[in-house]
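Order of writing sets the chain letters: A, B, C and D. Residues in each chain are counted from 1.
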């Protein structure tokens, strides 16, 4: 692109692996405007060796960059840090190779998210291929890490960004579990279809997705479940649904309260928990996903049903933003000492 | 319309009040093809006095009917039975007038749905205006009524058709509560926007609804909650959401089980409960709303999470079909001794 | 399905080849309710050997039919008539085989649409593989055939149903060219994506199609162009566009008039041309595709721009209805002496 | 908002009137990130006196600004320049008042677009209320103004930004008419519904717009027609259509060529015409509106049909971007001597 990627003297050199996918292009959009980085490498799978305009015709005239193959040696030559936005299961090996070459890795896939080897084995039916590296990885959900986030993220060779469903669900439920108010939660989530990726299948066709809502992988069948339980520490009944949107995700958490809680007390609990977190916005009314479209913000709302001693907490994110690309940028910002929100959009694209 | 409405000797004469709304036109579509009725009266509010083509240009050339005002005397002259598809709160008075004139009423609004006067008072903040008639009304959800449905519906002067959210939620959860397996449920529902009606507002604009999911009236705030609890007998934490669809509704019910239940036992429970109900279809995988688009069927799926002693049950309906118009026709069929599925579409409009 | 396919003594036995595609399932929906036929064979490609519910989960409980392979011998055993709803280029050979076995064929593909061997050669770059059969085929657009339609369609071994774009464009422009008022037309068309079929590709993904309009194959590049010119007899500049819909097609025809024409004269011209055609509805205002959703009707509107001596004519159809499945049924009806509109929906699915 | 609106010493103070509408909020999104301006006034109609978050809940936590009433004196106190994004017909009076107070006005409405008083009279049925000011206004389509744009826009008290349909159509057809290749064009356009504004009506409801395409105001009936003809100098048959999108506009221009033109010659003609215009991107294949979503760019494609001596030219824009808000910013940039593309997004929001 013809505009400078940075206004600063020594920008960090970053690469994006998987730039032809939906998460990859969102990373590209954010990093092009990031004040502290320059993009020095773009790579892809099916799109390797072709102009970026083949993948994204809308960038015609903005760039003459090529998409290259995902080669660790070349990336290590060019990059201080690489974002991996690869299909499931493809991150671990390339991450290990990059780390061995001294490159910091921010992985947007699931390969390094489960901290306990037993959880990994249970979820994937085989041991982790890089257990030592997995043990060093840090789970990239800054609001969960809290005050220790910058140090932890700076030290980690691999940052394993939280998944979209776990991000939304964790942000909705975290104050409840930390306060010991619930011992089980139901997380009913709706997601846009971009989370299913860009590889054509029967599942992501316009004629199938449009004007239909569909639950899938219910009652513990979805692999994001252990990731949620790792963060929250209580059992989670997770019910994901696809609804007709490209972007957007909502987690609606419901639970019975172990003791009566006054609505004002609950509000204070949430206010206190998220004070100082610039990308979590508390709302007095339930948020819609349009409120965060194209942004890196999470909008959170909590309501107490006094009559039924129950609670409902909602978190709205853009699954490609706080659920993926902007969360990765936020992790990078904290790890590298940049302002936490640098390069992260906050104003939604409306309508 | 130029085709005959019936092939039978003595069709029942029916009227539709509210034909310019989304529920009204779905009633019209179904009743035009119903083998045992003839439509003898169409009425509306804003559309009164205008040709039906003003409301529904697609019927050009099919009819030269006028939409008339909602006048009980004229309707009683012309109709044996009247369907009321009116905005909230407008049914009670006209229903009472029609009943007094000997007309059977099938009400698709909420005015006669709550059986307990105390529930009515709590929900609406004032006593019911027609308590005697409300006491005689029968709640129109045939699968809940069970074997006694035909007799009960035949005897009732007013049939108060179940609402869309309560229908989907009740059908998902009924076997659970009848078997005493749960003592609280979470019902997270998504709905198409047609349920919000056709009156223009900030809430049903294309630019606001499209590509956004939005929860509303959480934690007991929605008036459908007491209707669900009346049918199910346990507390319900109800979380409604609008998603970008015109038609379609999904209720995803989650709960902790009071005792461990084997998946096979659960399947048998559901199979037995819905045996003999031709419009409830059990599914081995979660249903999508596209599977029931334009039909009067409910697709139900149940899954047990053995590890967490929890259950997830899903029901998909068309909110204008089993959630409104076709449920009303089903109630009429049972009340008048017609085959239960007469005139009710079962094959979905796909894609 | 458990309902009888016909109420008549000797129904015609029909087969559907390609039932797992979007046109195929629309044929199934229509033929199941057709009063004069029974469906005796369903076949598919990728779906062969699997239950129909694998392709269309919404039919669960309605049928236990299997989808079989596309085998002419078996189809000829079971069927008097076969509808071919196959991917481009796959119809000709199976049609020839079926005809040789005495089965009447209604082809919804393009293989037999071009009457002039030279046009075929130009469009497809090779001669027709079955020139003798192609010479006997009749182009299935009843309103173009006019009064001779029943005889012509009855006599033809193969009926080559008109394509969706040519149907909409021909119905919009036919009165103009028959009256000699124009010597060139511009046909700008928008289509839902179901016309692109159900095979997953980069072109029919939700995330690509949604919220985007896209022209393609402009300036003579689309193979439907010679089909339009064959029917209209004047050069056509055809501009197809994909817009975010599953169903629906609009052809907007514009042209300069060779002589001034009064609006009233133009209206009379259209009225007279389509008198007696029950599935063409003239409209005083421009029709929307929602007006014909799920139906077999074409809504046509014409407007004269007196100041610019120009005309604009619009035709709205459902591309899977009058543009495919219901046109095929209409052709069958005329060929077999049934009422022209038997089994063809006319009331749109709204909203 | 808590980020600085500018990094420069003396930013220009600007106001936005109509910030609660779709064009207004897009202006807000762009101007917040513009490096040379600061927003000093926001006003609205129905939303006056309320927090901006009432209109746009997504800005919660980003601002505590109030929306004020549209008062010229206050705006003149606070602003060097005001953008007017008001409903049709409301701009003229407030613009005159602001100009009288020394404020430069960029009007995004139609009030000052027609240069010839006779055209105004014909289009609106009455003379212009401020003919002297209208005579001084400059039509804000920089690519049409060409090299003289900066001077003309700098001198004008009121810049009347080109409408969305005229922008797309003019950019598609301008090289053709300037080269004298055509003497009439057909402009068939599709638009997202945001162009219809945010006031609720029967026309912009989700259930009416979704899954439907609809032409309107055909054959010279649309008021944008004289605006197109003013810019192009040939008669235009304009056919606008609404398709199911929030944003996005496509103008597909077709015409017969007065003489044969070679495709290479045509390509050169377009290349030369748009050389040096940074927001017009020529494309070798037809552009989709997703390619420009959220940007201020126009993607233009031209194709010659040699066999029919006809041409098809397409222009894709975001109707709220190059069709409204970013065009206004581009005009401001040129008028005030800023870089032409300052603050204008060029990377599309995909998916």
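Just so we're on the same page, a residue touches a chain if its C-beta (ideal position, glycine included) is under 8 Å from a C-beta of that chain, and two chains touch if they have at least 3 such contacts.
Model, not experiment: these values are computed from the prediction.
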Chains contacting each of chain B and chain C, listed by label: A, D
Pair joined by the larger number of C-beta contacts - A-B, A-C: A-B
Whole-Å gap between the CA centroids of chain A and chain C: 46
Between chain D and chain A, distance of the C-alpha-averaged centres to the nearest whole Å: 36
CA centroid of chain A to CA centroid of chain B, Å: 39
For chain A, residues that touch 2 or more chains besides their own: 22, 194, 198, 207-208, 210-211, 244, 246-247, 287-288, 290, 293, 351
Residues of chain B defined as touching chain C within the complex: 1, 22, 25, 28-29, 32, 56-62, 194, 198, 210-211, 246-247, 281, 283, 285, 287-288, 290-295, 299, 320, 346-351
In the complex with chain D, residue positions of chain B that touch it: 22, 193-194, 198, 200-202, 204-211, 244, 246
Of all residues in chain A, those that touch chain B in their complex: 184, 186, 188, 190, 192, 207-208, 210-216, 218-221, 235-237, 239, 241, 243-248, 250, 252, 254-256, 286-290, 293, 301, 303-305, 307-308, 310-312, 314, 316, 351
